[in-house]
Structures are given as structure tokens and as C-alpha cells.
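In the two complexes below, subunit A is the common chain; its partner is subunit B in one and subunit C in the other.
After this line comes the complex of A and B, so read on.
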């Protein structure tokens, strides 16, 4: 091994922001920008693929020998036109959104009360109740949909949006409750004790102290609940039979997959437009979402 | 109850259709030979309304003509009918819910073995099926298997159409390989595929978990070699020398395939064929239909492909029987319906020549007729290239051959046991003997439950 050393040029303030010797530009490229770029490409590629497929004519979709699969040579609006004007896509979108909002609201309401009770009231066996609620989340919908169908039918809700608004909480409530239990745990109990000393009731504490502090957690749970409702398939397929009442994931498949002929262009347009509301939702609340994952109130 | 009987409805319906035919001289009805038989007496219940579900359209005319025929029924009888179209893979979940809850659709036009899973929940259709059979020259062999409760003469459903899976090939490339048409002999057929592969035009059959094409590939190879998964009594019989021979043949044939067929799903061979990546596959008429539609829209590429495409029976005729089944649309009426007569009348109306022939013709024969008199339909004279699909109902193999059609047979198909057996050998993951043993183990488990 050689003992020769390479003399480093001195860095002066005039050279720009000071960079530690280990924090060189090359190091940053290798440790930050390249991995970041890979993540970005992997995460955004499906959206890119959906977008270019939405604007590709069938001839280009069929023939990758003469056409670059990653680019569009002759963009067309035919797929968008077919989806928006030859199907009830707008109607499906509104139905899906109403159902997602309805079930998310109900689930959050129930989950806040459940999580608060389990985490703060500390009644006998509360830990086991928390575990039991989480265990309910593990029951797959493919097992539940037939018994639930009987309940839905006996309540007279079959083939109505209420069938979904009321059944989605069966998997949303356990998930949101579990998430909120963790969040409530990170809010210092001393804050509530102060309120109790000042004479506040439990409900007042929940409304005036805990919930305002738990907004990031609520948003996080809300986003998850909304996304799960938006994408749900099996209940929407089983409990709704009228074409006009279907949700986007079911209706798009019914209308645009005809036997073994897949209308890929319109399917991708439907998937792209269908993912936009969720993406916008995330965009507005991403800071709350991140803060809920990184911890609540710092003591 | 109104005084409106089925006979009246038939007269009104016939009148309405006759006027429609006058307005549309192109309607091809005169060619269908019919016996003079009185329809069963099924007076329609007062205030009847029906809900119907069926798989989503294969091509636009499938839905359009179905709805037109339904509207004609409503006009003739006053019975309101609502049809909902459900995804092909998804209809079974809705049928299961309807059967379990006793709610939902009155009539389900489902898949071949669906009625056999709910025999205690659906109406007897013997009278109607017998009438249709007598009037229209009898039922084909395959619809008879799927329409009757297995091993009995009791009809439990009305088969409405059989989507056959014939060979689809490029004539010029097959000619270039030295054959006028794909030979029926399996050795010669393998030779043709090798030559096509050598000429840069590989063939391709789906070996992925795909409901239609994947299962179709596996059963074709198995049946062509005289194999079967269970015997007549439902005893697992896959571990036989015929199955080993089929697997060895499949492995040789696989060497002539385009890469990637192990992951092919139902749309994959359509795409590969229309992209001119493969020269031959097995499929319904959909590939040709898409090419022909493209040609009609002025796509020169599609016009060229359509002109060069031909169809033929799958090779490997075994004891005089083509080794194919067909994707059968099979209609049943649930016992929970309040209007059983209206439901049966609706099915009868759809199957009568005035309605059925137009549906058959407009769909380019995708749902080939189950009643033999429709052999004479103008549909089969419109384009000689689709003739191989005409005889889909004459096939003598069925899902779960040669055992009873049970939940076990349906589960074996749904779990792709035969497909995975072939795929494992083709991929070189297992020897034919290992693959057969594994398939036998899985089939035994399923048939014990089913």
C-alpha cells in the first residue's frame, strides 16, 4: 500500500457553501440522487404507462415491433372519448366518490370513539379488545361477502349504495381504530389530566383537547379509509347489480373488458382518471400524513 | 291475474316480429327449419317483472340485439325486463350471492357448469327444453351435457350459445411451411409448428392461469391423447400413460412457441396474433372479428391479417371426436323468482328463430347456436372463414370430462390444475411423471371436497 497522500485544495467561503469532505458531490449523487431517481422511476412508471397507453391508437398498442412501446407516435383522444362519452364513467365516478366519503366518515366516527375508549379509558380487558378489533381486519372479504350479503338483503339494502357505505366499515373500522390507538398513545396523557383537574368531562376532553391534537392521525386514517373504499372490488361486485349504480373499479372492467378483448386504451384512461382524486387527496394532506407517521405531539 | 296468457303473448310477439321483419327485409329467418310444435303452457303472471344478469357483451351487437329482443318481449307481453351485464370473470360471485340470499336476479345467463352448482335452487326446464329441441331439430351434444342434470334426463337450464375455440392461423405462413392447412395428425402438426418456428413465425398457446385459453390449451392436449382427469364416476384418473404422452408432446410443441406463453392470459394470444408475432393459436372468433372490424374501419394492416386468417378444428381427433369443449352460455331461472312463467317465457322468446337468428348473425357466430336447426342460419353463409365455429355445440368433451359436472370439476378448472401440470413440464420445472403426481394429489383433494 502506498503512503502517498493527495493534497486537498483548501475550501474558502468564496468557493460557495461549505461541504464536508465526506459529503462530496459524487457521494451525494451515489447515496441520494441515484437511489431517489430509481424510486421515482419505479413509482411513477405505472402512471407514465397508463398515461401513454391512454393516448395510443390500437395499432400502436398491438404492434411493438414497429412502434416504440415507451412513446406515442400518433396520439389519439379516441380512448378518452370512448370512456367519457360512450360509457357512464362520470356517473360511476360520482357514485364511487359518494360511497367512499360516506364510508370514510362513518368509519372515522366509530374509530375515534373506539380508539379513545381503548387507549384512554383503560377499562378491564381494553388491550384484548384492541387486539380483537385488529384480528377482525385479518378476515378476508372473500370469506365475508356471502354472509354479509344475507345481512344486506334482510336490511333491504341490496343494490343500493348504502349496502357499500355500511359494509365497507367492516374492514375500515378495525384498520382506522388500530391506527388511531397508536396515534392517541403518542399524545401526552398529562394534557388530559390537566383538563380533568379543570373539570372537563371525557367528551369535552376528546372534542377540545385530543381531537385537535390528533388531526394528522385523523387525516392519515381518513386517507387510508378513502383509498381502500375507492379501490374496493368484491363487495361492490356482489352487492350492486345495476349497471348505473356500480363503482369505478367494477364498472370499468364490465364495460371495457369484452371476453378476451381488452380495450386497453380506455381501461388505462379509466384507471388514470380514477386514480386522480386519490392523488389530489394525498397532495393536499401529505404534510399531515407524514407527521402522523413520524409521531404526534412532541413532549 | 290478467287474462293475458302465454299463447296470447306468443301471438302478439309473432305479430310484432313479423312487422319488424317487413320493415327489415334483411332479417334472415326463412332459412331456419322448424317443426310445428305448440309451446308449453306458461301463462305469464300478472304484473310480472324480471331481472336478468348475463356476461358482458363480447362485441357491441351482442348487447344491442339482446336488448332489442328484450324490448320486443316487453312490447309483446308487457313484462318489464331489466338486463344487467357483468364482467366474465365476475358473474360467478353475483350468482353465488343470489343463490345464497334468495335475492337478486330471476334469470341468470351464466357459464356452462353454473346451473350444476345450484340444482336445488333453480327451476326445472325440461318442458321448455324439450319443446325447443323438438321445434329446432334437437340439441347439440355439448349443450345437452350442460343443460341436463348430470346422468339424468332432467333439464335444469337452457344453453343459449357455445363459444368455440378453433385453431386460428395465417394461411400464407402455413402454406410457406409446406402444408395446405394444419393437419389433424399430431405428429404432422408438430412438424408444421417446427417449420413455422424455423421460418420465423412461431406459434403460441396460453400456458398461464387464464380461464378460457389456458384451460383450453391443457384440455386440448390431454383429450387429444385420450387422457381425462376423472372417470365416469368422478374417480381421479389423471395418472395414466395417456397423460404422460400428452405432457411429452406438449413439451415438444412448447419448443416452437414464442417466448412468454407461460404467463399468457386470455387477451395475450389475441394481441400476439394481431401484432403478427405468432402464426397460429386457438381462440374464439374474437381475433378474426377484431381484424375484420379494423379492416372495415380502413386499417390496411388489419385488412391484410383478416384476409390471410383461416380457422380449423383443433388437431388430434380422438376416436372421431375433436378434442375441444366450448364456452357455453347457460341460462337458469332461480326458484326465488316470483314470476317463474314469465322467466321461462322470456327465455323461450329469446330462443325463437325470430329473435335468436338475428342475435347469432350479428355476433358473427361467437355464441354458436345450441339447437341444430340453426346450422342453416345465414350467419354461417355470410363468411366461410367462420364455419369451424358453427359446430361448437357438436363437441363431445366438457369441463371435468369424463366425470360428473360438480363443484369439484369447477374448482379443478378454477385452480388451473391441468394448466399448471402442462406449464410445469414445458418450463422444465418438473418431469411429466412428477407433474402428473402433483396434479393427481391436487385433484384428489378437490374431488374429495366437491
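After this line comes the complex of A and C, so read on.
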């Protein structure tokens, strides 16, 4: 923006316009479009490579001399077939989906109530409670999973989906609560006052006025929570041991890698199919993702 | 019937409804699920983890209190010392690269370009997809025999004469992991910093332009001070999550070759869960806490203070 117009003083008046337009056009290409396309290519290449490997027959996969590795000569569905019908992949997808929905629902419920109490009911020290919940987000799962394994074991939840549904909220609730506090702040308090004067109870206000107005915030929090629980790895790795109860990210890494011979075709198919649900979800709600990502940081 | 004899016809609400309209009770009920979940599965385990670090607990058994023994034996443990060093190097290098490249990408996206929102959407993809799954793609890209990078460098561009063994030697493996981490981290940094850039008023740049400021000067004196508060927060998160990274290393190298790429988190896992030494694993995890607190305070206050200084300069 600024560096194109800064050129002006450097150009003499006589041949100004043509030189300047050529110069700034060229300059834009070199300083903006070329670096930008390199960024995009590098950021997207692993997905392209994942997708292309998934549909390649094994012969092409291991032979770069006779085949151009960047293209598929004979696309095959063998890898997808093998994955869906010879492994528990379908099972893992269903498990992951239900765990993600379960923990998202639980976290949203807890977060809506907590955010409403902190932002709207207002009590002494409510700001500190908000801060404490947010501080919980700064405790990373990597230092919690060992004692949590012990807790899960003692509760008799080891190797059950409930172990994950109950532990995922530890990182979902702080995020969602913080996001929803921000959303509730943007809803005019006068609306609630009117309802109070008209004799509505607090819970009626939450259900009939605040929640409907906070739907965009709920969607943002919900899809983010869903994505985070879909992608979660370390708890799922530590708390689940039976093959058929694993989540997709864990199962692809621990069940599809067998021995020293890596079946890259089926591994990449597993990775691709496992990324697809969140990618599709993401496509529909891009704006919500961006707003929740940036909103959480701006707060 | 006149106004003096009129009584409200509304029925008295039931005791349950009144209870739910009683503010202290309502506050308690509303906070209960969130606080309960966090206390049970975050605060308690955090305390339990610190306790476990001072015991010799194994999976399925109750340990004895052993005092500082775990920490003392870790100090003599070369694998642990390597993992601490790796974690610091990994966090520092990856963060610097992520922020340099992420800021550059954010500045590029801040120009008027066609398909901006579409670009922004696809750039976030690496951040959205499950880390382990993209890590597996990187694992395949780093394959010693069929690496596409080696193929391009050797067979197409003829820059090298042999295939690179990305994960075979410690240093190559460390850099390969850092590249994968940077790849995954750039979108988050770029998109959040872009949001910060968009809050800066264009009139400031116009004023600078009229005063004859160069692009570098307007970046140095307008963009960077105004971006600093958001940068501090993004960097705090980035440092925190890079320092405790687990998935990338576990998926790509599992700490190999010969334990040279372990981060503290992966070593804690290896000792604690498959190795069944919960006490020792917990000690490694607890050893991360001082580093984390320091890194968080540093990135937050070091950058936050510059903003404050900037504010006082303007007065």
C-alpha cells in the first residue's frame, strides 16, 4: 500500500505516469505476488502431496524414474478401499466424531453458563474468576497427561471414550468461556433490563434474549471446540489402548504404521480422510474461525 | 374496579423458580460445571503431577515419597539434558522463524490484492487440520529414499548429487522438525497479526507519507509499536505451545535417531506411559513448569513493556 506510492518523488514529472505505472506494477509483482505465491505453494504442498499419494498405485509411488511424481498416471481407489474395508477406519471416524461432539457439547454448556455468570450476573470478584478460567488455558496438556492418566485410571474411565469427553473440556472451556464473555459484552445490557422489568426470570432472559443474540459466538466457540477435540492427540494416545476405541489421529499413527515397511499409500489416505471432516467444516465456517481466532487474541 | 383495589393477577412463581432467580444461587449453579470440570481435571491433576514427581509411582501402583531423587537422577541423565537443550533450541528457532515469516505473510496480505479472503482461508488450512496427520505427510516428505524434496534437488535441479537423509542424523532431524513446526505455525501468526494490522488506522500511514517517511520508517515507527500488544499475546501463546510440543516429534521421529530429538514432552511420555515410570515422567513434566513460567512472563512483559515505553514517549 505505502511502498507503491512512495515512488512518486523519485520520478521526474515529464515521463512520470508511464514509468511509474510500469515501475509500480513490476514492483508489486516482485514484492507482493511472487513471495505470496511461494508462501501459498509451500503451505499447500503437503496437502497436495498427501492427496496425490493417496490415489497412486504402489508401483508409481516407488518409481520416480518412469513416472512424474507430481502427477498420477493411473489413479486407484485401492488405498481407500483397503482403509475403509480392511481396517477399523470407519469405526475410528465414528468414535472421533462422537467424542468431538460430546466434549464440544459439554464445554459449550459449561462455558455459556460460566460466561453468563461472569459477564452478566456480575458479582464480587467475577473478573478474577474470568481470569482464573482463562489462566487455565495456559496450562498445556503436555504437563497434565501423566497425572491425568492416574486420575482417569482411578475413576475407572481408562480406555473408555468418557475419559476423553471429560478431559477435553480442560482446554476447551477456558477458550470458549473467554470467547463468549466477549460476545456477551457486545449485547446491550438494556435488553436484559427491559426483560427484567417485564418480569422475566434470569434463566428466561438467558434462554430467550442473550442466547439467541449470541448465536454467532456460540457457532464460533462450537466449531473451534469441535476442531480442537478432533485434532487432540496426547490425551487420546495416553488414555485409550484398545484398537477399536482409538481416535483417528492416534489410530492412523499407531495402527497403520506396522513394522519397518511403511504403506505410504494407505497412511496418506488415512491422513487425508482424517483431515477432511475438519477441512469441510472449516470451509463452511471460515469467517467464524477467523473471527474466533483473532477475537480470542484481541481480547 | 378502580386502581386501589386492583391486585396483580400473575400467580406467585413456584419455589423452584424463585430459587433460580435468587442471584447467589444462580451464580453458583452457572459456575459449577465449568469450575467443577477445571478443578477435577486441571487443578487437581496439576497438584497431583507435582506430588508424583517426588514419588517413585509406577502405573497401577502406589509409589513411595522419594524426595528429590527423580530430579537428581535426571540431572545425570544425558538424554534428559539433551531433551532440555533440544526443547530450548526448538522453541527459540521455530518461534523466530514463525514470527519473521508470519509477519511477512501478514504484511503481504495487508495489501490490496484480489481474492484476499479466499487466500486467507486457504492459508489457515495447515493450522486447522490435525497436526499428527500433517506431520505424517511431512514424515513421508522426509522419507530417505522417496523424499520429493531430494528428488527435486537431485534429479530435477541437479543441485545435490545424493538424496538427503532428513531424519537419519541428529542435526538434520532437528531442522526437519523445526521446518514442520514453522510450516504449521505460520498461518496462526500471520492471520492474528493481520487482524492486528487491520486495526491500525490508514490515516497514520498517510500522515507519515506526507511527512516524507520511507516504507521502513513507517513500519518501524507506526506498524511495529501499534502491533506490539497483539504480537506479545500471540508470541506468548506460540512460545507456550511450541515449548510443550509433542505431536510433531512423536509422529515424525519419536525422539530418534538414538534419542537425539526428544523434547521434554515426548521424553516425559516415553518414560511415563510406555515406560510405566509415572514418577519419573511427572518429574520431567514438572521440570517444564519453571521454563514455561519464565518464557510466558518474558514474552508477555518484555514485549508489553515496549508498548508502555512507546506510550510514555509520545507524551
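Convention: the second predicted complex is superposed on the first by the 223 of 299 C-alpha atoms of A that agree within 3 Å, B and C clash if a C-alpha of one lies under 4 Å from a C-alpha of the other, contacts with A are read in each partner's own complex, and residues count from 1 in each chain.
Quick note on the criterion: a residue touches a chain if its C-beta (ideal position, glycine included) is under 8 Å from a C-beta of that chain, and two chains touch if they have at least 3 such contacts.
Note that the structure is predicted; figures quoted are calculated from it, not measured.
Looking at the shared chain after the overlay, A:280 reaches neither subunit B nor subunit C. In the superposition on chain A, A:243 makes contact with subunit B only, while subunit C stays out of contact range. Of the two partner chains placed by the overlay, only subunit B lies in contact with A:59; subunit C stays clear of it.
Between subunit B and subunit C, more residues of subunit A are touched by C.
Touch criterion met: A:271 reaches subunit C, while subunit B stays clear of it.
Contacts of A:253 after superposition: both subunit B and subunit C are touched. In the overlay built on the shared chain, the residue A:230 is in contact with subunit C alone; subunit B does not reach it.
With both structures placed on the common chain, the touch criterion links A:146 to subunit B and to subunit C.
When both complexes are overlaid on chain A, the residue A:69 reaches subunit C alone and has no touch with subunit B. Applying the stated contact rule after C-alpha superposition, one finds that A:202 touches subunit C and leaves subunit B untouched. Shared contact residues of subunit A, touching subunit B in one structure and subunit C in the other: 62, 64, 145-146, 149-150, 153, 234, 237-238, 250, 253, 262.
For subunit B in complex with subunit A, the touching residues are 51, 53, 55-59, 82, 84-88, 90, 93-94, 96-97, 100-105, 163, 212-213, 266-267, 270-271, 274-277, 283-284, 286, 290, 294, 299, 301, 366.
By the touch criterion stated above, subunit A contacts subunit B in their complex at residues 58-59, 62-65, 145-146, 149-150, 153, 158-159, 234, 237-239, 241-243, 250, 253-255, 257-262. Those residues of subunit A that touch subunit C in the complex are listed here as 1-3, 5-6, 9, 28, 32-33, 35-36, 39-40, 42-44, 46-47, 49-50, 53, 61-62, 64, 69, 106, 109-111, 113-114, 116-118, 121, 123, 129, 133, 136, 138-151, 153, 166-167, 169-170, 173-174, 177, 199, 201-203, 227, 230-231, 233-234, 237-238, 248-250, 252-253, 262, 264, 267-268, 270-272, 274-275, 278-279, 282-283, 286, 289-290, 293-294, 297-298. Taken together, the subunit C residues at the contact with subunit A in this complex read 10, 13, 17, 20-21, 23-24, 26-27, 29-35, 37-38, 40-42, 44-46, 48-49, 52, 57, 59-60, 101, 104-105, 108-113, 117, 119-126, 128-134, 136-138, 140-141, 143, 146, 148, 151, 155, 183, 186-188, 191-192, 194-196, 199, 202, 205, 208-209, 212, 214-215, 218, 230, 233-234, 237, 240-241, 243-247, 250-251, 264-265, 268-269, 272-273, 278, 281-282, 285-286, 288-289, 292, 296.
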